[in-house]
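Two complexes, one shared chain (chain A), two partners (chain B, chain C).
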Partner chain A sequence: MSAPTLTRPAPAAAPSGAPVRGGRGGLAWFWVLAVAVPLAFLGLFFAWPVVAMISRGFVVDGSLDLSGFADVFSRPRTWRIVGLTILQATVATTIAVLLGIPGAYVLYRRRWRGRGLVRALVTVPFVLPTVVVGVAFRSLLVSGGPLGFLHLDGTLVAIVAALVFFDYAVVVRGVGGMWERLDPRAEQAARALGASPWRAVRTVTRPARTPPIASSASLVFLFCATAFGTVLILGGLQFGTIETEIWVQTTQFLDLRAAAVLSVVQLVIVGVALTLAGRARARRERALALSSAADAVRPLTLRRVPGTPPRDGHGLALAAAGVTALVVVLLCLPLVNLVVRSLRVGDGWGLDHYAALGTTGGGMTVSVWAATLTSLRTAVVATGLALVVGGLVALVVSRRPRQMAGRRAVAGLDALFMLPLGVSAVTVGFGFLLSMHEPLGLPIDLRTSGVLVPIAQAVVAVPLVVRTVLPVLRAIDPRLKQAAATLGASPGRVLRSVDLALATRSVGLAVGFAFAASLGEFGATSFLARPDDPTLPVLIFRLIGRPGPDSYGMALAASVVLAVLTAGIVAACERLRAPGSGGDW
Partner chain B sequence: MPKKISVVTTTALVATLAAASLAACSSSDDPAAPAASGGTTSAAPGTVTLVTHDSFALSDGILDDFTAQTGITVKVVQQGDAGALVNQLVLTKDAPLGDATFGIDNTFASRAIDEGVVTSYTSTVPAAADAAQHSVGEGLTAIDYGDVCINVDHAWFTKKKLAEPTSLDDLTDAKYKDLLVVPNAVTSSPGFAFLLATIGAKGDDGWQAYWEALKKNGLKVADGWSDAYFTDFSGGGADGPRPIVLSYASSPPSTVPKDGGPATTGALLDTCFRQTEYAGVLAGAKNPAGAEKLIDFLLSDEVQADIPGSMYMYPVSRAVDIPADWKTYAPLATNPFAVDPAEIAANRSTWLADWSQTVIG
Partner chain C sequence: MTGLGLVDVVVRYAGMAVPAVDRVSVDVAPGEVLALLWPSGCGKSSLLRAVAGLEPLAGGSVTWDGVSVADVPVHRRGFGLVFQDGQLFTHRDVLGNVAYGLRASERDRAREQLELVGLAGYERRAVATLSGGERQRVALARALAPSPRLLLLDEPLSALDRSLRERLAVDLRAVLVATGTTAVFVTHDQDEAFAVADRVAVLDAGRLLQVDTPPDLWRRPASREVARFLGYEAFVPASSAAAAPLRDLVPPGSGAVLALAEGAFVVDPVAPVAKGTVLGITSRRGRSEVRVDVPGIGPVTALGPVGARWAAGDVVGLGVDGDAVAALD
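After this line comes the complex of A and B, so read on.
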């Protein structure tokens, strides 16, 4: 990285600010690679398949035909699904953020017994296969079910509730990871100077919190806007979104023209959402005093600590704890329902379905345990890939170039790597089939090789890594780096001992997130042929679609396994997070 | 000191992950190695790739017997439901995903044939004569078939002392208001099969009125078959609220109580649409000879006898026995409704759009 023989000056292309000005050639090369490697990865495994698929819809007999736009937009249904997509995603994102902020506070800013368990628990919904969540939700809401009296089955409310169920963890983890490192002294100072708890939150805490909130909100919006199984199972086509319509047009009608037009519309909506989120972030983004979690996190007590003055924010903390407790109970309802149903054997109860997980009964090609191993193996590879690519992207995007063009380039790169979450899995999946037969002239049919599976998962996990690591990198006080440079550290050394050292703190969170996303991924990968070794979500999907109550029970039992596995891994990653010091210099 | 440890822990975590990725990369390359060269090994007589849908299944060891008999290894590639399968085959016909395909049904057969996805092959094994009874056109060989029918929960009707419906028309009777659930015709292939049953029964211009009557009578549309059967249906083991569901003629045997006694559900054989599944050699296959052998094998007694237990369909071959409880609880319809495959191919989009308009709104 700092090879002394290289004397090439920093190229203008390096999207860098101060660090590269030192003119160390090795460092310049590092930045070139840091931009080129992720771009090549995204270009090859995302942009190319998507372009291949969309161009199938616009190129007819070798010439460009854009008449599809006029045709698709003249259908009243198109406008309805565009409206429904924006409505569902906006409402669900708003609710997830409103509920997630108190959750982040209670789960990351306060310390209490059992916190680690609850943190892992709220992550479980994020990875459950949508078919399973559909079962868990619908059997609660169906008339005669435990919550049948609410009459929510097949309503927009049920869809929004399920979307919030999935994405609550995204907000809690995204906001909480940053919040727990925020130096509490500014807030304490404000309070000491006579500000009310609310005023302290408004003037000190909220501005600091806006970037991670905007960041999480944009993630949730993308997840909601591309939700597919949830919408179909809970609402059906009357609440169809752009995503479900692309699926129907592609897999059922083979109307590639309509699908291509809708893919472009989806890209536009996602692009607008990302731009808005980026603006909200950029307005507030600034260096923050980060401290160690140990300093920032206070214990949560139900009773006011004796001797503390009134109006110390105790009421706010209790309110947040109350909201969060309610949310956790609501999250548990479908999960408990799932466990209960997995224990149902015929007219009685038992562990039969769990015992069957080791077998290849019901005509499956592999046992659930074998699929679990496959899932773990691919998720490890995917997480490793996502960490490297996402880490590089976050590092590049965290620079603050002086020129306007440089800043734009950085912002553009940031948005670019979010796109995989906002583009239809069907478009990507079918695109893989079109583009990955002997890609780049290599004599390999990647489509059926299984190599693509972890890659496709990594493409989806990269944005999560970026969104987790980036806020931490951006919040690093530039004075810290200036101080290091003044003390004689080379730019490379500053990068290593300041940026990287601080960034590794959020690695545990990023690993957990990326791993969970890879484990649960059931989008593009479901279209990738995996000869004889399906991942767990794919196997669950196959099991649930097979006639026979035993397959169904096994699918539910396998989902419980997936949930427990996820919770365990996420909890382990949380434990591995480095509690080292941050801003106490 | 704790700081040091924590940094070390993080570094170790990253290093372990990186190492694990590498290890996993190389270990996943092992199974991938023959697969990665799948494009090339298919050319060797040693491997044949079968592209099929998610429901394809055979008992353990059957495909190994094929390898023992012929020396050919079978690689199974499963690509979503029947619709997704056919559409992917159409999209990739210039560089096919494999050599043989199984799972194209009579509702998609015309699209596959018209698009030139499969190439002509006529099997000469004994069961081929039985398969020819289901012929749909050049290039597709029938392997199995079954009926998609309305199922009723006997226990529910006995308890309510209500006579069970028997025909499509009964389902619009006010006696059976709010009792029927069917899967969505657009997103589920049994759902579409039932739409075809009503088109076969009521004609091209009569089915819309029938569905309007169903809707008025409290029809519930679920997303997929499993959703309808296991969540909404009262007889599917989960105590859902509705005692009438669209399912298969082969569903009742799985509702035979464990301690004996008759099945608690039954199929209404005057409400059925017949679904036939076909196999074919893919155009442009690298190993067409192997693909032909595999299709012959799918018609062998060994596979045909396994089909009811593993895929819940009837084998086309009359030479094999079907399970005893199928004879009792899963008889086939004598006169299922039928619609010409060419007509289905021509009208699929229009019908589904009309159906959505009428039923979903």
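After this line comes the complex of A and C, so read on.
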């Protein structure tokens, strides 16, 4: 600081004023657009197709006919499928949470060499396309496969295992990301008050950690209850979820009424799960005292650190590490097996299946490489769309209006844009076919143009973008924006230089997840992809449906290509992410 | 040029029965630093936030040079605000923060501001790597950079530890004076208010009790309430027998009640003018502070020598110090 001055210079004659750009009018238009564009997009490409599909089941000759409900619910098959869906989702969620909690502890509360690599490894299954997960488990469990002796192919156990494989990362990342920043001093206070390590976990740590667990569990339940590609490949026609049943009813039995009823049932189940998730999330945002990650994380060592007394929780940590090590090995098994089997040619080894990826032989109209290009092209467009729509939604929903009515409207929009997470992608896909013949009366048939594929994928990816970007925007202290305003920044500049500048740090991750979701999207795409221009997941599904070891080998090789592509892109995007900006994932 | 004018300003928060700011009127002349001494309760920030335009006024008016700023949005008012916790932009480096309110061509001015607050060479540092004191210096430089016509400081030092707070209060005064900045400064700390401000306004429960220069405020508190906030701890009628040794310390006929701050009595075994019974001894900065019960006045804090060793119940002789006695009407 300068030395104190005793004489004062004359005070500033007039405010010099900070640079001021942009008027209030322009900003108002921006907000109108920010609400209108996502509403129009989802109204046209989500609500309308879904309503078209569902009304096909309930409107007969122009009048409402709800007899479909009674009819469909009188079928034992319906009850079996609904029961199976809930059973699979419940069992898989329970197992994923039980295994994920020690995983979150070891991977986020403890520090050790190689942790970053293992964290990335457990994330891989989550971003893998469902079709790839199905193929990987199939190749592991079929007779002749490494685990063929267990005779699990085509059983409920196989489906649950695949669902746990897929969703383990959701629990580990969701719970771990929050635990990492949980202030450890409450636990330390309990220990100092005489609680054993186990009692401290039970009475202090666990209650504080329950909201993130509940939040992750409801997400896992949601993903399991709507699982499509994996279940379709592993369950065949014997086992399924409501989602696969909608597909079966639509494509095999052409029973639109049953499909419509099932869509509604699924919406109800998913609505309940989403509500529970929302409650848990709200509690979590309120209740937790967070600290920076550095304070909460301790090193993990095999031997007790010299100087720490016995019975100090070392055994608990080792047990958690043991469970996690076992899980990581089990997670690797299908992946390694997938790669190994794709290299198996007859009785020997070779790259023949990969060489075949460039061919169109065996009745295939396009090569795998051509389908890969289609997939990438589609995913780029879908990601762009999802980013614009999802980004605008997150921006609008992150506002905190002073008036009660405004706050209600914001909460309503938030819930509305989560719906695509819950509505069956199959319903959306088939709804597109029903509604996009001459959309809005325009004389164009969007169904044959191929533009519907990226749009449908974007609809699926929007909630992922919102859930990744929104927590970052919500975490911005309102006073930070007020500080900018007192420095002379107009509302528009505050939006650009504070909200957007901070949100871009999470955009990398949002792009990654949106891209992965688009690349792997199968439910809607299976209806919309043109036969001569399929995406990679659609082509893989066709390949495994064909007889012969060569088609199967090609399917395996193509799955490896798709897996590597997806995991690589997500990994690249994750490198861009700033610490603590991951949102819910 | 008349600077800032507040007339009957009222600020209310939704759901609160009592207004956070209740009909406050005060003027701040150009170049003047006014401290709002707000010893207790909530709503400390409310008046500053209302002046900045961040809270709606429930009544009254805020003017600059006689013109109401009611229709001027926050970013056009030219009123800078320094928050209690700085609110630095973590996604910008130090220079990026300071330059935020400046045009792109004014980077040099941002450097000058950093120099002014003693942080030359910190331009490229990430704000996360700064200490608490450095952050507040950056926040100050950032707020000063666009030459605001008024600078509002919302307890800018209260998150810091005591020695740093005392040092920064001196530096803050130096910077505000050197730049000729008109400023309003909220604090709960009387020493800080006296160190930084030209005039101090004492508020309680949202109401303005007194505005004066620090020496006038100290010598002539307007009420017992104000005197208590300033640290006066005992009150005695000037006409009582116990007040006899103190009466001569204030101008004759200046008030009916004498207010005694800590140190109004000094332990003086050589030439005592009063006697007190020791209740207990504490220590501040080496010197002992002796709680004594003086007959007719009650318990007061007398300054004692280093290493005083009296036990409770001992009777000690006391002298007096005129700078710790004030007369009240």
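Rule of thumb we're sticking to: the second predicted complex is superposed on the first by the 359 of 585 C-alpha atoms of A that agree within 3 Å, B and C clash if a C-alpha of one lies under 4 Å from a C-alpha of the other, contacts with A are read in each partner's own complex, and residues count from 1 in each chain.
Simple rule for what comes next: a contact is a pair of C-beta atoms (placed from the backbone, for glycine too) under 8 Å apart; a residue touches a chain by one contact, two chains touch by 3 or more.
Predicted model, so just to flag it, every value in this text is computed and none were measured.
By the touch criterion defined above, A:S143 reaches chain B but does not reach chain C. Once the two complexes are laid over each other on the shared chain, residue contacts for A:R344 go to chain B alone; chain C is not touched.
Of the two partner chains placed by the overlay, only chain B lies in contact with A:D255; chain C stays clear of it. Contacts of A:G508 after superposition on the shared chain: chain B is touched, whereas chain C is not.
When both complexes are overlaid on chain A, the residue A:Y552 reaches chain B alone and has no touch with chain C. Of the two partners chain B and chain C, it is B that touches the larger number of chain A residues. By the document's definition of touching, of the two partners only chain B reaches A:G134; chain C does not. In the superposition on chain A, A:V381 makes contact with chain B only, while chain C stays out of contact range.
Contacts of A:L117 after superposition: neither chain B nor chain C is touched. Taken together, the two complexes place residues 501, 505 of chain A in contact with chain B and also with chain C. Taken together, the chain A residues at the contact with chain C in this complex read 1-6, 8-20, 24, 477, 479-480, 482-491, 493-494, 497-498, 501-502, 505. Chain B meets chain A in the complex at residues 2-3, 6-7, 9-11, 13-14, 17-18, 20-22, 24-25, 27-29, 31-32, 35-40, 49, 51, 54-55, 57-60, 75-81, 83-84, 87-88, 90-92, 95, 97-98, 111, 184, 186-187, 220-227, 229-232, 236-241, 247-248, 250-251, 254-255, 257-258, 309-312, 348-349, 352, 356, 360-361.
Chain A makes touch with chain B in their complex at residues 56, 131, 134-135, 138-139, 142-144, 148, 154, 232-233, 236-238, 248, 250-255, 341, 344, 346-347, 360, 362-365, 377-378, 380-381, 383-385, 387, 430, 433-434, 437-438, 443-451, 454, 501, 504-505, 507-508, 511, 526-527, 529, 531-534, 541-542, 544-550, 552, 576-581.
Within the complex formed with chain A, the residues of chain C that make contact are 1, 30-31, 49, 52-54, 73-81, 83, 87, 89-92, 100-103, 116-118, 142-143, 145-149, 152, 170-171, 173-175, 177-182.
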